[in-house]
Amino acid sequence: MSADVSVRLAGLALKNPVMTASGTFGYGLEFAPYGDLRSLGGIVVKGLSLKPRLGNPMPRIAETPCGMLNAIGLQNCGVEKFLRDKLPLLPHSETPIVANLYACDADEFAELAGVLSGAAGVAALEVNISCPNVKAGGIAFGQDPAMAGRLAEAVKKRAGSKPVWVKLSPNVTDIVEIARAAVLGGADALTCINTLTGMAVDIRSRKPRLANVIGGLSGPAIKPVALRCVWQVCRAVSAPVIAVGGISSAEDVLEFILVGAHAVQIGTANFMRPDMAFRIAERLPGLMEELGIESLDSYRGSLSS
Amino acid sequence: MSADVSVRLAGLALKNPVMTASGTFGYGLEFAPYGDLRSLGGIVVKGLSLKPRLGNPMPRIAETPCGMLNAIGLQNCGVEKFLRDKLPLLPHSETPIVANLYACDADEFAELAGVLSGAAGVAALEVNISCPNVKAGGIAFGQDPAMAGRLAEAVKKRAGSKPVWVKLSPNVTDIVEIARAAVLGGADALTCINTLTGMAVDIRSRKPRLANVIGGLSGPAIKPVALRCVWQVCRAVSAPVIAVGGISSAEDVLEFILVGAHAVQIGTANFMRPDMAFRIAERLPGLMEELGIESLDSYRGSLSS
Amino acid sequence: MGNFGACRDVSILSVAPCGPEGAAHGCYLLELENPGLGPAAAGQFVMVRPERFGQNPIWPRPFSICRLTTRTLTLFVQACGRGTDILCGLAAGDKAALWGPLGQGFALEPEIPTVMLAGGVGIAPFVEYAATHPAPSNLSLVFGHRQPLSCYPFAAMAELVGRAEAFCEKTPDDLPVFIERLDAVVAGAASGLILACGPRPFLLTVARLARKYSARAQVSLENRMACGVGGCLGCVEKNALGAYVQTCTEGPVFWVEELALAEDA
Amino acid sequence: MGNFGACRDVSILSVAPCGPEGAAHGCYLLELENPGLGPAAAGQFVMVRPERFGQNPIWPRPFSICRLTTRTLTLFVQACGRGTDILCGLAAGDKAALWGPLGQGFALEPEIPTVMLAGGVGIAPFVEYAATHPAPSNLSLVFGHRQPLSCYPFAAMAELVGRAEAFCEKTPDDLPVFIERLDAVVAGAASGLILACGPRPFLLTVARLARKYSARAQVSLENRMACGVGGCLGCVEKNALGAYVQTCTEGPVFWVEELALAEDA
């Protein structure tokens, strides 16, 4: 009798709660040599924009204690090319493929949603209103409740039948306020959290370690912040929450389910070893059995205090 | 020819920029067996309140990747007992001893400042408007610019000749806004940053790892966030900034000076080994010589981009 | 770097499983250079932070002084997590920061019959206690354990002290039997001195029995510690007056009646 | 845990200083189990992440395949930071995650006179290149180094290839002399094939000289990498079209004219 790891998430049925986080798993295909993509609960691809984007100058990444900084700047091949060249190669009929959307204003977000709403192989739209690494829009969207609500609404209107997830920034005074606004705007689920804004410098060259100066902090270092954000948001809104931030083991997955998350995404940990997400998905049912947890539904949000 | 590590900081002359952070160095005396307290640039003692405080229930601390969470809840012996029993034992004529103030409202802060303004051995007052671990006041003060300004003003009015430092929270959308308000309110210097709000749970017992549920994240894990905050604040205000967050080596000290800090505080790293702050203070001039840095004044804020 | 005082960088002299089955059960004896630690009372502890920790884990780890000679410090360590796994995987020559002796040790009343109640790794401080006791025949030891007896430094102690018994807890059913035995031991020793070290539930039982029989008893707590020197206020325990006291400086050893021991901390 | 594909857990077979002075200068040869890596082209690399890293450092580390046999993979590693220090301190039996061969190797044109320009640890891929080249007498090696020559796998290569010379850069004054020598070498080899691996300034010099003499040249970049498999977009380099290309999948070896090599990255 194996533990039940299936999850219903805003209209999607996931085999298991282990998805991959946008920007840390390429377009999925890069990781196919390291595991069976169909064994994952879902795959969120690199942030897509209407037109291809060059991204930021190099260097773009820096290592930090138990984590890393990135300022990729949303380099991507554009939504058209993704739909034409990448999506057909992904196992979209067996595993939900989620598009992560980046745009500079509400109109552009709406247009992008419109393009993706018609793509059969796309299971959901994740709206990135929290990228710290781009000049226009980006994080500012995710720091203003009114703006967050407006963007959620704009995307939802054009998303057709696709569920809309809004991805929140932790770089705010009150994440609950933004979460509520996004749900009011029409978000079907919330993804918590994007990176923390950080910085690193080289004392010898006297230069920032990222050409962009500031970047997004991710990895195990930020797990306590992610856990706090997910817990706060789960208590405040009824929409399901997808947790992301520093997860690198099946134990970590259960921590986030315990505070109320429906599913999780593996981000930076995919860099620790390219089979990480596969290993975590495989390990989860066994760990649940060891702990006497019959199903995620029974465990979810059962934190006592 | 030894590098010049002396610092002038809002009216104080420090031998070197290496101070200790409030709450991580007891009342100073606890660390006397591990080094010469007079060799430090300054000692900021545990947060003091008008009356003694019990603090939060246990457990109060939890280890996290490259960091820790604490929810001590400002347990302290009260300002009277500090002035009577602790301060006289500290080398206050050779090393600045800084009082860290905690109170529940502006009146109480003002009263506390009044008491401390008359204490000859206290070199400066650091106002903690950013503690995430107490119910009343605490972090909420540091998240509202108007409130931050009001508290700075209230303390400054009663501080007499003592310089007033305001300690900022990173748990805000825009730390610069709070920094500006504190300086307008009369802060002579700003301390950046207090802890990030975080959480940890135990998947077996299904309980939070802290009795207080949430706590403050500190240690090397948060250094990139602290560095970003210090850089932002230094560019925005002319008041000197005292940097704190994840510093655990002389190299780290220079990183913060490079982005504009006047001085630094060693916090969680004091737990890694009780002679940490002493070692960093001793190592700094040698490191500067190796890098060809003649004085901190010449290096401060010299980040190129 | 100079010497700053009581925190020293020392070499690991040896790491060896305790007994033939020690490795399989994670029980090790670590021998470190003694850099000149002051005189220690049994029950005091040291903080150890191997270089290998890097920045993760962040905290040092507290261990009872198991045996201190002029040249060496021996710790008895159970590998049960990240930090102890790293420690038990060290080799001779590896470096660690070491400070101590810290805290308050056990009461020593040489003429008084003294019962040592030890649970698991809680036996560690009693090795030193017995070895430095002026009249070890006044000592008796009751030892509850889960791993094979040879994994603990029990045999040598048994030879030294007046009386020693071991109780192996193999299944949960054995627990009430052990508690019954403890009840009898405390009842019989109520006029002497009782010292206990072990997991928290074990100490709570001892505290309850001490109250029941009005015995003079001390317990050694193992609260989570960040600094070990009184600087963080993280390791506190509620005392009988309702205040939180630091177990690293005012403990780890307390008289039972000093504390308001809660079931849940 | 099952086997998920091309990322495997392997044992370290040995870690040994390279030459009698290797340890003093941080130069090591690491021998790992070859878990069945597919056929590799010299210039391709592997990602290695020892268990010992824990969660800090977070990234694996990229290393050129220095020698690959059916049973073993040899890396030539210079200890120069946190990760390489840990790697060079490993012992036989320690475990590491290993994936590869990754990226694009050097062009192989057996009949064409080929000059290998190596700087420091940049010699590593050329060991494999020479060992697997069908006509090594067509190869020549120009090697710039700072540590004693015995710290590098130079001698064995010198025996194998047609011509080998080494240039020791002892002081900053030696640099212009070395660059002059490189100028002459590239000028003389302009009709053949030039391959370069080493620090970025060295590669920039080679690229400049290749343009100057219209030589066909490849350079192997050592950009910072987080994933090594094309997943993070962190390791990019600007190409001649102004786009950012991943050096882990489209490189690390590039034809000089493919790139817009900037002095400063």
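The letters A, B, C and D name the chains in turn, as written, and every chain counts its residues from 1.
Just so it is clear, a residue touches a chain if its C-beta (ideal position, glycine included) is under 8 Å from a C-beta of that chain, and two chains touch if they have at least 3 such contacts.
Quantities reported herein were computed from a predicted structural model and do not represent experimental measurements.
Q: Treat touching chains as neighbours: how many steps, at the fewest, connect subunit A to subunit B?
A: Tracing touching chains, the least step count from subunit A to subunit B comes to 1.
Q: Tell me which chain's centre, taken as the mean of its C-alpha atoms, is farthest from subunit A.
A: C
Q: When B-D is set beside B-C, which has more C-beta pairs in contact?
A: Looking at contacts between chains, B-C has the larger number.
Q: Measuring from the mean C-alpha position of subunit B to the mean C-alpha position of subunit D, what distance in angstrom results?
A: Roughly 46 Å, centre to centre.
Q: Round to the nearest whole Å and give the separation of the Cα centres of subunit A and subunit D.
A: Chain centres of subunit A and subunit D, defined by C-alpha means, are spaced 35 Å apart.
Q: Using mean C-alpha positions as chain centres, tell me how far subunit C is from subunit D in Å, no decimals.
A: 52
Q: What residues in subunit B touch two or more of the other chains?
A: Expected reply: 64-67, 219-220.
Q: Residues of subunit C touching 2+ other chains?
A: 55-56
Q: Select the category (line, ring, star, complete, other) that matches the graph of chains linked by touching.
A: Contact map by chain: complete.
Q: Report the residues of subunit B in contact with subunit C in the complex, numbered from low to high.
A: Checking each residue of subunit B against subunit C gives 23-26, 30-31, 33-36, 46, 54-55, 57-68, 70, 72, 75, 211, 219-220, 248, 268, 270-275, 278-279, 282-283.
Q: If you look only at subunit A, which of its residues touch subunit B in the complex?
A: For this pair, the touching residues of subunit A are 64-67, 69, 143, 171-174, 196-201, 203-204, 206-208, 213-214, 217, 219-225, 227-228, 231, 246, 251, 254-255, 258-259, 291, 302-305.
Q: List the residues on subunit D that touch subunit B in their complex, please.
A: Touch residues, subunit D against subunit B: 55-56.
Q: Taking the complex as given, what residues does subunit C use to touch subunit B?
A: 1-2, 4-7, 49, 55-60, 97, 99, 223-224, 226-238, 242-244, 249, 265
Q: Provide the residue numbers of subunit A that touch subunit C in the complex, in ascending order.
A: It is residues 65-66 of subunit A that touch subunit C.
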